[in-house]
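What follows is a single structure, written as structure tokens, with notes after it.
Labels A, B, C and D are assigned to the chains in the order they are written; within every chain, residues are numbered from 1.
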Amino acid sequence: MIVVMKEGAREEEVQAVVSLLQGKGLETHLSQGAEKTIIGIIGPKERVLGMPIESMAGVEKVVRVSNPFKLASRAFHPQDTLVQVGPHVVGGANPVIIAGPCSVESREQILEIAHAVKRSGAHMLRGGAFKPRSSPYSFQGLGEEGLKLLAEAREVTGLPVVSEVMDIEALPMMLEYVDVLQIGARNMQNFPLLRAVGKTDKPVLLKRGLSATIEEWLMSAEYILSEGNRNVILCERGIRTFEKYTRNTLDLNAVPVVQYYSHLPVIVDPSHGVGHSRYVLAMARAGIAAGAHGLIVEVHPRPQEALSDGEQSLTLEDFDQMMREVTRVAEAVHGVEAPVYVPGR
Amino acid sequence: MIVVMKEGAREEEVQAVVSLLQGKGLETHLSQGAEKTIIGIIGPKERVLGMPIESMAGVEKVVRVSNPFKLASRAFHPQDTLVQVGPHVVGGANPVIIAGPCSVESREQILEIAHAVKRSGAHMLRGGAFKPRSSPYSFQGLGEEGLKLLAEAREVTGLPVVSEVMDIEALPMMLEYVDVLQIGARNMQNFPLLRAVGKTDKPVLLKRGLSATIEEWLMSAEYILSEGNRNVILCERGIRTFEKYTRNTLDLNAVPVVQYYSHLPVIVDPSHGVGHSRYVLAMARAGIAAGAHGLIVEVHPRPQEALSDGEQSLTLEDFDQMMREVTRVAEAVHGVEAPVYVPGR
Amino acid sequence: MIVVMKEGAREEEVQAVVSLLQGKGLETHLSQGAEKTIIGIIGPKERVLGMPIESMAGVEKVVRVSNPFKLASRAFHPQDTLVQVGPHVVGGANPVIIAGPCSVESREQILEIAHAVKRSGAHMLRGGAFKPRSSPYSFQGLGEEGLKLLAEAREVTGLPVVSEVMDIEALPMMLEYVDVLQIGARNMQNFPLLRAVGKTDKPVLLKRGLSATIEEWLMSAEYILSEGNRNVILCERGIRTFEKYTRNTLDLNAVPVVQYYSHLPVIVDPSHGVGHSRYVLAMARAGIAAGAHGLIVEVHPRPQEALSDGEQSLTLEDFDQMMREVTRVAEAVHGVEAPVYVPGR
Amino acid sequence: MIVVMKEGAREEEVQAVVSLLQGKGLETHLSQGAEKTIIGIIGPKERVLGMPIESMAGVEKVVRVSNPFKLASRAFHPQDTLVQVGPHVVGGANPVIIAGPCSVESREQILEIAHAVKRSGAHMLRGGAFKPRSSPYSFQGLGEEGLKLLAEAREVTGLPVVSEVMDIEALPMMLEYVDVLQIGARNMQNFPLLRAVGKTDKPVLLKRGLSATIEEWLMSAEYILSEGNRNVILCERGIRTFEKYTRNTLDLNAVPVVQYYSHLPVIVDPSHGVGHSRYVLAMARAGIAAGAHGLIVEVHPRPQEALSDGEQSLTLEDFDQMMREVTRVAEAVHGVEAPVYVPGR
């Protein structure tokens, strides 16, 4: 960290800052320019996190020069992390496709979808059993019954299943049934929940919060990693912007940025990201072209009858078309001379 | 709700929408204009919430015409709700001031602050025992020890205490010690937690999420109200904007807007709202002038030594000055011919 | 437009709204539901734009049901618009690539770049002669000298040139030298300038404003179209979000959304969109995969010596690599069974 | 500025940066920490503005440590700037109130309003003659005829007049008729226009852009100041946020922040800031309580008949009420021991 003193800061003011820092066991380094004095702080940065140096007399501002995440950083772990889920690897050259309904609605529905997406080439099955809804009066999911149906669908198709965990109480039950624990966007900074999933060894799909910066998202991954669970998959699912023609704004910039700063795999959710099925194919192709390690997509055989998110669900036919399109794009991208990401490039 | 058909939508398309709606037991009302056909839906709106009418052929968009909150709405409860906390009433003409440190740090610290803010005229004491921190490496609060110290400070000063509950596990413990349960900004859409505090009868201070709309905030209040707890106090604490000179942007517009749409009391947190102690007095005065029912303010005897949020904490002297200033502003506002808010105006 | 009356609005209040509207020559259509009364307004919507119906007694809100743009809408002009620039067509199946430096800096620089990007397959040359800079102390461009150098580069390479026009005074001079007039993001709502370029027949590259919605952007296109100039090319160049690791957030969702609502061609600027050269290739590929009609990219032989935007400029080698990658992606996308956009789909 | 090298940056990489900087005549200052090397740059910062040091090998990031504005900064001019407009001073202890219609609509309208707001105590008259409208089909103002009517209203009431200038062409005409030139939010970064008004000595009311940071706003003031015109009044008019219940979000935090960083007077526009007349009184009171040097408010005798912005216009009676309320708040604020702003506090 660097403390920038105001122009004309007095010698005593500079000394007060230096003394405070040294009193905390930090080494300081002074640079005196024509206009300003700068105090570099050398040492474990955590010690200064809570110190209100900016409110001291003569201080203009404090500038952080390191990223706050460690275990999630590429500096700490230069190779790409690969997360194994059943027979599939998330984080390698082959994009992994996760598909399924927003909510598990019935045995027929989930089995029909599971068989269909498997036929089209999907690698995993998604489906919500506990749904975070902004209204207490909306459909909240089938609960444990939904988890059992997911497990049955896995048994008959072989597809690993992904489902959202909303609170710590439900975690033991989720661990019984699912292969990947999803942390939803609204829980990205539910720190007790992050710690709890961090204490398991189950793969975690961590969605980016609606208005979270990439740094905050990686700090949430850090919470999970710091408890010992290294199987974190990041998922970009759209951020809130001023745009009204889309539900959210899928931020594909996050794909190469995450790959630059972190070793964790990153996949893309074009369904929530854009919110209308008519735009999902274009954004799925774009996500793969940007270098994402996979996609998670909402699919429903009859979107008009879906109990939630019907507007953004692909039909089974649209999904099949999507698989063909993204396969061609993936070949185009991975066939070019330069791979999607070269560490250290 | 209203379904707007595209220009040139075919008769069959219109009929398909009407049939779907009527099949769900909804009454429809057709308006045919020169350019467009509009289908009004009459009946409980919840039934259509999950239906993807926008993805049907010929449909341009679906427009919601009612606010989604009910118990939180002024239409449902025209009079201002008053929340009793110990001897104080939140929601009436007299602003209620809550003050204290970001975190409880030690017995000496919390007692010194409690005595001082009481002397200056504060009505309640705040202090965090469980802290949501974006880094897992930052100070996370003293836990139950902090709650005990708050209870001791209450005993010696008579000030009711406010503290944040971060998860359902900790709720029974919190209920023992605190007078007001705070739900933090990051948990505004932690729906299981909202339901859990809704099942108690303890007053709840519900902070607005970092990027939440006022509608979403009122829907989170609706979660609490719908479980039976009517003692909800809203707290505006700053939203995320592009501005870098402030930590957040305190949105004082929310004060009259909430008072227009809802009967719930609304207070203002200028400390988190603006994030630098040098701006807190101005925003505290402005909050009261906007008609807020109270303030919650961070105070620390030695901000430079605070373990968290030192930058935005007022000294004891600054707080005393703030109390004198906001008292004069409150008199000016409540003395004018038009009171701060006239229901139905 | 639809006027939604409050629950319990009185008959006189409904009549007052109806009378006001009918007094302006508008036909109204009343729907009375169990809870609310709705007044549909049939007739040219412009007449009600300035009327503050929302402030009338008993009115809850006014809902607009049509998009405000006309000439820019796909309903008005179902086929894709093709804009001819020299020998190239913008808006068809073949993406058009525009490349060049942020600013024209010298004769050597612009000629070296023009020759190089042509060799790599670019279709047009970009270069700023008048630069909008947030600081009055930054390099503001070479002015007319820069335009002359662009014209010379066109002469020797055959590449049409694109350059930004910042004010009406400079327009006659720009018309002499350039093939495409660029309207920068900061001028997207400079309405007198939009009208002025609308009075010419020169192709206009209209960049999206930093925080503009797609609707506002299309309304700015409408300003140009309404003056008679149909040669408008839209350019997505990144919007402002909370993200700090990128300069802007390239919003690729805008590509299929614009293609749904409008017939105008839309290209993508990954250089400004993401702001760091290390992410430009990924976003260029993604833009083409999303279905963009072209790219505009900043290129500099020695980015470290660029007078502006060096951070986001590709080297000549990187640009050559980009061309190979986007060509493969374009083939993958346009070769699939479903083309990028099917009108009316 | 400070260049932060990556952990493990090689000696040659550090030297390459140092050499580049020294080659531009800048003095550098090296700090080597345990983890990172930092290069402080001492000397006129403009020289490095265009240099893409961040894209050099081994560089992690470049951190700016000074604010980019100079003439607008309080460091440059510690005393508050006072702008004289006719008999009134903007920037002193007494708030200056500017009131009038959104648009000048007719002789009767502007004279009726001018007389009424003067009676209630307003100091200046506002009124638009050239209107920036997002639709080319909306009312665009009366043009020069509107300016003449404003001048007539000034003659009969003595109120100085404020009106918006939209382009350089119209500037000479504006200078003849108006006392304060308003630069609208959409033109905050219309740099040629800023330079043009900077070359006059007419007071300029510079509105903050819809999504502008305070730093960008002060840089736009810098454009005007750098041409020689020191009579700049800043006007906070609401920023764009995700909130839908208000038209914009009036950012009152900007008032103390501007007063901290700059010497220029800052006033508040609650009408555009919140967009509904029912919230304007609360926000007007709050603006004065925050320490604003004045208000600019839209007033119309019959808002339902206004040709623009009727929804946010106060009636003449509401405005009279507002004047009484803000006067009491102003007395409360300026009567307290601590004045609204103490330079250097």
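To be clear about the criterion, contacts are C-beta pairs under 8 Å (C-beta built on N, C-alpha and C of every residue); 3 or more make two chains touch, one makes a residue touch a chain.
As the structure is a prediction and not an experimental result, all values here were calculated from the model.
J.: If I rank B-D and B-C by number of C-beta contact pairs, which comes first?
T.: Taking the two pairs in turn, the one with more contacts turns out to be B-D.
J.: Since chain A and chain C are copies that touch, just let me know if over half of their interface numbering is common to both, same, or not, different.
T.: Answer same: the two copies use largely identical residue numbers here.
J.: Taking each chain's centre as the mean of its CA atoms, how far is chain B from chain D in angstrom?
T.: 30
J.: Where the CA atoms of chain B average out and where those of chain C average out, how many Å apart are those spots?
T.: Computed value for the inter-centroid distance: 38 Å.
J.: Multi-chain contacts in chain A: which residues touch at least two other chains?
T.: Correct list: 211, 240, 242, 278.
J.: Using the touch definition up top, name the residues of chain A that touch chain B in the complex.
T.: It is residues 20, 46, 49-56, 68, 132-139, 166-169, 186-187, 189-193, 195, 210-211, 216, 219, 222-223, 226, 240, 276-278, 303-304, 306-311, 313 of chain A that touch chain B.
J.: Could you list, by residue number, the parts of chain C that touch chain B in their complex?
T.: Within the complex, chain C contacts chain B at residues 2, 4, 6-8, 27, 29, 31, 33-36, 38, 40, 42-43, 60-61, 63, 65-66, 75, 240, 242.
J.: State the interface residues of chain A toward chain C in the complex, per the touch definition above.
T.: 211, 213-215, 239, 241-246, 249-257, 260-261, 273-274, 278-279, 281-283, 285-291, 321, 324-325, 328-329, 331-333, 335-338, 340, 345
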